[in-house]
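Alright, structures below, take your time with them.
Across the two complexes that follow, chain A remains constant while its partner is chain B and subsequently chain C.
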Partner chain A sequence: MQSVRVFRRCLCRFAALWALAAPLQAQSSDLAALRDRLDPASYRALTALVDSAQAAGLPAGPLISKAQEGLLKRAAPPTILTATRGLLSRLRQSRDALGNGATPAELEAGASALRAGAGASQLSALRAARTTQGVAVPLVVLADLIARGVPRDTAARAVQAMAAANATDAAFNALRLGIERDITGGMSPAAAAGMRYRALLGEKQP
Partner chain B sequence: MTSHDSHGNDEALDAVVQDAVLALRTPVAPRPAARAALTSALRSAAVAPAPAPGRAEQRSRARWFTTPRAVRMSPLTMLAAASLLVVSASVITARVGRRAAGKSVAVQTGTRTPERPGQVVRFTLAAPAAHRVSLVGDFNGWDPAATRLENKDGTWTVVIPVTPGRHQYGFVIDGSQWIADPAAAQSADSDFGTRNSVMYVGG
Partner chain C sequence: MTAVHLRSLTVSVLCLVAPSTLAAQLQTRLDVTTGEVRFRGQPGAGALVLAPVLQQTAAGLRVWSAGQFALANTGSARSSLESIITTREPLLLGLSPVVSVRGQDDPLASDVRNRRADGALGVSIGTARFGASVGVGLARSVHGSTNRAVQTSSANVHLARGPFQLRVGYAGNAFDAPDAMRSAQSGFSLARTRLSDVTSDASWKYRGFEIGGFVGRRVGGNLDHGRTWGGGFASLAVNDRIALVARQETAPSDPTRHLAAQRISTIGFRIRPTLARARFDDGSDAAQFRREFQLTHVVGDQHGIRVYLPGATTVELAGSFNQWTPAAMRSAGRGWWHLVLPLAAGLHSLNVRADGGSWMVPPGLESSTDDFNGTVGVLLIP
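== the complex of A and B ==
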């Protein structure tokens, strides 16, 4: 009986290891596939960036994806490395702002928001406002609004107000779509976001 | 030996045989415990009908599977067995995944920005002069060989499942020309001098 128990325990550990190792294995094979497409020095530099991300507990997938995108677009290796390094830096900033418990999706969304122009303090404020749910979707919406031309403080206020009101992910997406429709309909991004923000405040008031 | 002696011996032998016969005919009282066990066995045999030989064999086999038993195995053999299981599981998972990816369960036509979870997305591009069109994005490793579009009268189409989230993508025409999706509602600046199309898949 003891042997059976040991066997079961062994099996469980193998299964857990396998589940953890599968994404890493996929990433390492994606990285290895870039070896033939980059010069040795650039490949070494890219590998160092990926290793650095993994050592810091940051997701390496976005870095590899960025390099793949650069290669597809025939960018020069230094440009690819610069872009990848910049992304790693934003992932670090994102983790600093969101905390160690942030998920890979949140970190990536945070990095996107930072690239769009959001401030690290706005990421932290959003995290503080939405403690019981993830912030990946609100961050994506924040990045989207800023990319559409909504002033960053207006976008951040709107998203934080929704987070404070315990809005669902679906409600965040509805906000994004609503502002998108308003902009497509001819409203300025600032006016569209301002109108939705005021509507949010109005809904909150009794 | 004389005949007289023989006769006397026979008589003596008869007496011994008779004693033995008497002793054997005397009823022997069984031990109470043995009697109780025998009675119980006979009763249970009378109440439960004897199972058919086939069923008995089946039960015996089933019992073999359900009865806990100790397995003696070296750690090396355990590791080998576990590895074999893991490899088998991964092969099966990969095959099932490939089959699932190949099925378009619910095709949503005419949009690239589905808002409901678990959707497949149809990508279309009008490019009558193109010989080959690929879809590339962060969901397929920006690999032009990964997702080819099919041509029908100059309109190139592909339907693929896309995981929930925000995705950047574009098209590659004839293996070299990058083009953002003209129908995409939003685009984003990439770090490489071109703009990517952006889509949101609900989840």
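== the complex of A and C ==
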């Protein structure tokens, strides 16, 4: 009986180690695969950025993915490094704004929103407004709205108001789809955002 | 301007294939250009060229039809219309019956009409990226004092890599033609004549710009002119529906119909009219709900991605989930493309591209700016 318990404990530890090591191993192989696609100096710089992210406890996967994306889109190595460096910086800002408890998806979504033009204070406000649910979806929607031409402050107000009203992820997606349709229909992005979030909140709040 | 008798052949074929879904699945394109047509040895004349392309996908088959109707104000007209039926992507396999009607009024005598009907049966195999086809057929004169019977043969190879497309083809014609030497010796005499045309055309697309060209060389026959020909075109998209088109081409002579070589220079526009909105399997309207992007959970971390890109021949998907390595999506019919792949929980970035064009955000998906002067789609897996 004792040996069974020891075996189970070992098995659980092995599984936990494997679960932790697998992504790191995948990242390591992904990074190694870039060695042949980048010049030595750029590869060393990229490796340094990845090490820096890991040392800071930030997800390194997005950095490697950004380099792969740049290669697919035929960007020059200096452009790729600039993009990767910028992403690392935004991931740091994102964690500072969202807190140490933020999930990797939230950190990435925050970095995406920052890249689109949102401010770090707006990320913090969103975090504060949505305490019981994750903020990944609202941040994705925020980045999308800004990318579609909705003024930064208008988009942030809309998303924060919905978060404060405890709107669901589905409601955020509905907001984005509605605004996209209104913009396609000829409405200005600002007017579309204002009208849509008021309508959604009107339906939500009695 | 001469009126051209447009044949109802194409519509008839399409109706036979899928009468109930014709309007919903028909994709169309029409080039309307105007310019000058110049027959060999004749002064140039104004011309209007209409070039429609129709494609219908239904019941596992794809019917492709293309025509060109050149109307010249000298009283001459040239028309051609052909349809090809193949299986759908990803594997183009099957018989390809080709039916075409080609006609041109004699440029020197406007009261002489000249029509030739072609029937051929071919076999094609391959994918949208690479494939080949061969076929044989018979052409008959249906109007005019031309050769009554012409045996035809053809072979084509096509290659598509990213924005480039290349096609190399061969077309053979065998027919009885007057033999001048034997006729001089022993009266009117016919001799078997064989013409072999080798053609090659290529095109390249970048965003809304497309450029292409073709060359041809004729071997055989007793010809003193019209052995080589070629041309080119360029188009620039104004929006999703309209593009500007310029075209310059020389067309070879056609001894089977006693037609001289000609040169056509035109400029105009291309329109892609929307005949009907695409509909989902559940009957909902795509344009109304804008559900061009669909994500379904299959099993474990396997997810199905469906993208609505009507009119595309090939669609590729690349994203953070596959190390940004392009993966070919499979056609699901009705303009939909799908792919099943593992997606771990978290935030993913992705792009798609159609027909080797530029990478873009999948329609209907959240987008964000990338760091490479473009945009990227963002997908969150809970």
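By our rule, the second predicted complex is superposed on the first by the 197 of 206 C-alpha atoms of A that agree within 3 Å, B and C clash if a C-alpha of one lies under 4 Å from a C-alpha of the other, contacts with A are read in each partner's own complex, and residues count from 1 in each chain.
Following the convention adopted for this analysis, a contact is a pair of C-beta atoms (placed from the backbone, for glycine too) under 8 Å apart; a residue touches a chain by one contact, two chains touch by 3 or more.
The shown structure was predicted, so the numbers you read here are calculated from the model rather than taken from an experiment.
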Should chain B and chain C be called a clash or a fit once both complexes are overlaid on chain A?
clash
Going by the contact rule set out at the top, does A:Ala48 touch chain B (first), chain C (second), both, or neither?
neither
Under the stated touch criterion, which partner chain does A:Ala199 make contact with: chain B (first), chain C (second), both, or neither?
neither
Going by the contact rule set out at the top, does A:Ala147 touch chain B (first), chain C (second), both, or neither?
both
Regarding the shared-chain residue A:Pro104, is it in contact with chain B (first), chain C (second), both, or neither?
second
Just to be sure I read the superposition right, which of the two partners does A:Ala32 touch: chain B = first, chain C = second, or both, or neither?
neither
Going by the overlay, flag which of 45-53, 63-71, 261-269 or 297-305 in chain C ends up clashing with chain B.
297-305
So which bits of chain A does chain B touch that chain C touches too?
30, 62, 65-66, 68-73, 75, 79, 82-83, 86, 105, 109, 112, 136, 140, 143-144, 147-148, 176-177, 180, 184
Using the touch definition from the top, list the residues of chain A that touch chain B in their complex.
1-4, 6-7, 10-11, 14-15, 18, 22, 30, 62, 64-66, 68-73, 75, 79-80, 82-83, 86, 105, 109, 112, 136, 140, 143-144, 147-148, 170, 173, 176-177, 180, 184
Chain A-touching residues of chain B, taken from the complex the two chains share:
68, 70-73, 78-79, 81-83, 85-86, 89-90, 115, 136, 138, 141-144, 165-166, 168, 172, 178, 185-186, 188, 190-194, 196, 198, 200, 202
Taking the complex as given, what residues does chain A use to touch chain C?
30, 33, 61-62, 65-66, 68-73, 75, 79, 82-83, 86-87, 104-105, 108-109, 112, 115-116, 136-137, 140-141, 143-144, 147-148, 169, 176-177, 180-181, 184
Chain A partner contacts - residues on chain C that touch it in the complex
290, 318, 320, 323-326, 345-347, 349, 359, 366-372, 374-376, 378, 380, 382
